[in-house]
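Each of the next two complexes has chain A plus one other chain: chain B in the first, chain C in the second.
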Partner chain A sequence: MDHHLLEKYNTLESTIHKLDPRTKILFSLLYVLTVVFTVPGDIVKLGALLLVIVSVIIMAKIPLIYVFKRSLVIFPFVFIIAMFLPFFSVADGSGFIELKVLGLNLSRKGLYIFWNSLFKAWFAIMAMILLSSTTSFPLMLKGLALLKVPFILIMILSFMYRYIFVLIDKAQKLNRAVKLRHFSLNNFKQIKIIANMIGLLFIMTYEKGERIYQSMVSRGFEGNIKLMDRLKIKAVDIVFSVVVLTVLLFINLWSFL
Partner chain B sequence: MNDAIEIEKLTYSYPDGRVALDNVSFNVSRGETVGIIGSNGAGKTTLLLHLPGILQGSGNLKIAGYEMNSKNLKNIRKAVGLVFQEPDDQLFMPTVFDDIAFAPLQFGREPEEIHKIVHEVLRKVGLSGFEERLAHHLSFGEKKRVAIAVALAMNPEILVFDEPTSNLDPHARKELIVLIKGLNNTKVIAGHDMEMIKETCTKVIVVNKGKVAAEGTPAEIFSNKVLLETNMLI
Partner chain C sequence: MHIPDGFLDVKTIAITTTISVLCVGIGVKKINRNIEEKQIPMLGVIAAFVFAAQMLNFPVAGGTSGHFMGSMLGIVLLGPLSTLLIMSMVLIVQCFVFQDGGLTALGANVFNMGIVGPIAGYLVYSSMLKLKINKMVCVFIAAWLSIVAAASFCAIELTISGIVPFKTALLSMAGIHSIIGVGEGLITITVLTFITKARPDLLEMRKI
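== the complex of A and B ==
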C-alpha cells in the first residue's frame, strides 16, 4: 500500500485547506444531508449540488479527475445494496419494463430510485473525498474532538492512524521473509502460512500495545488523556460558512420560490 | 544531598516466575552519567522500567529524593524521562507536537507554556520546526531525537536511555552521542554499544542474569577483559 495515498493532497495551499476542520466537517455533513433529502428526479437540484461540489473541488486545487477516479470505489457498494430495487419495487402505476431475454419485469419506479441512489451516493462520496484530501488526519481528529465526538473513538482512530503504517511495514517484512523461503507453494499451504502470519502480527501488536502503554504511563497517563485545542475559527471560515450556507439554502428552497 | 537514584535490594520476577532482577543495589549521584551494560536478556530494560515505577519489584527505591510508593509516583514520573529503545513504541501521537505536549498536558501545564516547551526541546535535540511533522514520516534517526525531546519535555532530573544508539547509522550515532553528552541531567544509559558507554559515562555497572556483576569507572571495567568475558560482553 502506498503510505501517502491518504495524504496526497493534504499539503496543498488553498482557501479550502486553510479552513478550520470543524467548518469542513460540518459542511460536508450538511452537504450530504441535502443530497440525501433531495426528492428523486429533481434534476435541477441534483445538478446544482453537483455544481457546488465541483466548484469547491476546483477551489481546493484538487484535480477533478483524481476525485472522480477515487469516487468510483463507492459504486460496487451501492450496486449491491440497490440492485434489487428495480425487481422488487411495488408497481405504482408507472408500469414495468419487460426484459424479454430474461423474462423479468423491471418496475419503472424502482429503476428511478436506483439511479437516484447511485447519484446521491456518488455526490456524498465526492464530498468525503474532498474533506479527506483537504484535511490532514490529525487535524480531522482535533476537529471531531471539538465537535464532541466521544473521546474514546478519537483515541482509537488516533492510535489506528499512528500504527497502521508501522503494522503495514511489519506485514510487508513478514511477507518478504515468506516469499524468500517458499516460492512454490500451492494455495492451500499458503493459507496456512498466512494464518501463521496473522497470528504473529496479532502477538506483535499486543506486545507493542503493552510497550506503548508503558510509554504513556511514564509520561503521566492516569486513565484520562488531556488534549490541547489549537484550533481557531478564522475570518475565512465565517466567509465560507455564509457563502455555502446561502447557496445550500437557496438550492433547498428553490422549489418553493 | 541525596543521590539521584538509590536502589537497595531490588528483586523482580516476571509473571511467569522467572527472576529478572535479583537483589540489585546501586546508587547514582546527581549529575552523574551511569552506563548499564549486560548481554541480551540480562535484565537491563527491566531495571530501567523500575526507575519511573512502571514495574514495581520488591526492595527500596528512592528516585530524585522521592521514596517509591503510589503517593510519590506522579512526582517520580515527572522527574524521570524515559527514552525507549524503539521510538515507535514511545511516539504514539500522530504529530510531533502532540507527542511532546502529551506529558506536560497530563501534568497540567498551561497551553502557552506548552508551546514554549515544545519549541525549546525541539531546539535542544536539533529538530527546530518539526512541530507539525507526522510521526510516520520521520526517519529512524529523527524519531530517536523526537523520543529524546519527548523525554525532555518535563525537564526531568533524570534521563533514562534504553540502547540509544541501536539501529542508527554511524553518522546519526555520532550525532546522538554528542547530543547525549550535551545534556546535563543525571543520565542512566543501558546498552551494548561499549564505545558509546565509554565516551559518555562516568560510571559503569555490569549486570548479568539479573545481578550486578561489577561496578566501576569505565577505565576499570573496560580494561578487565576477564570480567567482560565472563559476563558475555566480548
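== the complex of A and C ==
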C-alpha cells in the first residue's frame, strides 16, 4: 500500500504541523482565492504571493524540491492550453505581436492567457500540497467537521478513504491469485475474465466494507471520529492567522492602489 | 475533466459553486432523512470505486483531462442524490489530498461530474426503463451520455472563462469522452451484471 508515501511528511514536527486543521484549511482557501482573483499580468502581486507560499513551506520544514516535484502534475494541463495559443490570434483584435514560433503567429492575448493560468494554477497547487502534507486525513476530516460540513458528508469521506485501501488490498490479492494460477491477462480475448474480475473486486470490497462497518458499530461507533488530542484554537493559530491575514491584505491593497 | 485553479474566471466560479452548494444541501437533507443503515458502507464502497476509476487519467488537448466517471454505478445502486454526494466527496478528496482539480474550481467540477453528468444519465436511464428496454442497454446508453454531457459542460465553462475557443474545447473534450464513454458503459454493465448474479440483494436498496 502506498499509504505512507502519500502522507510522507505528515508526521514532521513544525509550527505549521501544530496548527489547528481549521486554520490551515482557511489559510489555503484564502490564499488560493487571492491567487485566482489576481488581475492578469500583476507581476509584483504574483511575486509576493510566491514569497508567501515558499516561506510557509520552509516554516513547515517540507523540502521545497518535494513540493516542486509534486506540483509538476499541473504542467501538462497548462501546456495543452498553450497549444491553442495560435488559434486566438488576429481575429479577436486584442493586439497582435509578431512572434514566430515554429512558423506560427502568437497573439498577445494568447500568451497572456497562458502565463496567467500557468502561474495561478502553479501557486494554487503548491498551497494545496502544503495543506495535504502537513495535515493527516483524520485531522483534515475533523477540521472540516468543525467547520460545519454536514455529518453525512464526513461519513462518506471517512468511509471512502478507508475503503480505498481495502480496494487496493483486494485488487492486489486478486492479481496475486491470477499470477499464481499462471495466466497472463495481456490477451484481448481474456477481456471477459478481466471484466468479471472488476465485478468480483466490487463485491469483495463491499463485503469487507460491510464487515468493517458492522464491527465498528459493535464497538460503539456512532459516526464521530474520536481523536486523542482535542482540537483547540491555540495562541499559535491566532498569531499565524493574524500575520497571514495582514500579509494577504497588504498584498491585495498594494496591487489595488 | 478536473479543472485546476486559475483556469476559470470569477463569474463562472460564482455560478457553478452556488448551484453545487445548493444541490449538495438538498442532497444532504433528503439523505439524512431516508438513509438505511446498510447503505452507509455502500456509499463508501462506491465512492472508493469511483475514486479508483478516476485515477487513470491523461491530459486532453484543449480541455483538461480524460478519465472514467463512474456515476451510473451509483445511480443504479443508490439513486441520483446519493450519487451527487458520492461524486462531490470523491472530488473533495481528489482536491484536498491528491491536488487533482482546483479548490476554487471545486464547485465547477462538482457541477459537471456530480450534477450535469448524473442527471443526464439518470433522466435517460429512468425514461428508457419505462419504455421496457433491456436494463443493461439503458445503463450503457445512460453511462455514455452522462460522461459526454459532463465533458461538454467542462468545455463550455473553459470557453466562458475565455481560456480556449469553444469549437476546439468542445470537439476535444466531447470527442475524447465519447470514446471513453464506450469503455465506461461496458465496465458499468459488467459490474452490474456481476452484482445481479452474485448479490442481487444489493440492487434492492432504497434509491434516493
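We take it that the second predicted complex is superposed on the first by the 200 of 257 C-alpha atoms of A that agree within 3 Å, B and C clash if a C-alpha of one lies under 4 Å from a C-alpha of the other, contacts with A are read in each partner's own complex, and residues count from 1 in each chain.
Everything below uses one rule, namely that a contact is a pair of C-beta atoms (placed from the backbone, for glycine too) under 8 Å apart; a residue touches a chain by one contact, two chains touch by 3 or more.
Fair warning: this is a prediction, and the values are worked out from it, not measured in the lab.
A.B. asks: In the superposed arrangement, which partner chain does A:115 touch: chain B (first), chain C (second), both, or neither?
C.D. replies: Touch status of A:115: no partner.
A.B. asks: Touch test for A:159: chain B only (first), chain C only (second), both, or neither?
C.D. replies: both
A.B. asks: Between chain B and chain C, point out the one touching more chain A residues.
C.D. replies: C
A.B. asks: Would you sort A:129 into first (chain B), second (chain C), both or neither based on which partner it touches?
C.D. replies: A:129 sits against chain C, while chain B stays out of touch.
A.B. asks: Classify the contacts of A:212 with the two partner chains as first (chain B alone), second (chain C alone), both, or neither.
C.D. replies: Touch status of A:212: both partners.
A.B. asks: Touch test for A:138: chain B only (first), chain C only (second), both, or neither?
C.D. replies: first
A.B. asks: I'd like to know which partner A:29 touches here: chain B for first, chain C for second, both or neither.
C.D. replies: second
A.B. asks: Identify the partner contact of A:222: answer first if only chain B is touched, second if only chain C is, both if each is, neither if none is.
C.D. replies: It touches chain B, and chain C stays clear.
A.B. asks: Under the contact definition given at the top, report the residues of chain A touching chain B in one complex and chain C in the other.
C.D. replies: Shared contact residues on chain A: 137, 158-159, 161-163, 166, 212.
A.B. asks: Inside the complex, what are the residues of chain A that reach chain C?
C.D. replies: Against chain C, the touching part of chain A is residues 6, 28-29, 32-33, 35-37, 70-71, 73-74, 76-77, 80-81, 83-84, 87-88, 113, 116-117, 119-125, 127-129, 131-132, 137, 140, 150-153, 155-164, 166-167, 195-196, 198-200, 202-203, 205-206, 209-210, 212-213.
A.B. asks: Where on chain B does chain A make contact in their complex?
C.D. replies: 49, 52, 54, 74, 77-78, 80, 82, 84, 86, 88-95, 97-98, 101-103, 105-108, 111, 114, 134-136, 150, 154
A.B. asks: In their complex, what parts of chain C are in touch with chain A?
C.D. replies: 4-8, 10, 13, 24, 28, 31-32, 35, 38, 40-45, 47-49, 51-52, 59-65, 85-86, 88-90, 92-93, 95-100, 102-104, 162-165, 168, 186-187, 190-191, 193-195, 198-199, 202
A.B. asks: Show which residues of chain A lie in contact with chain B when the two form their complex.
C.D. replies: Result: residues 3, 7, 136-138, 141, 158-159, 161-163, 165-166, 208, 211-212, 214-222, 225-228, 230 of chain A touch chain B.
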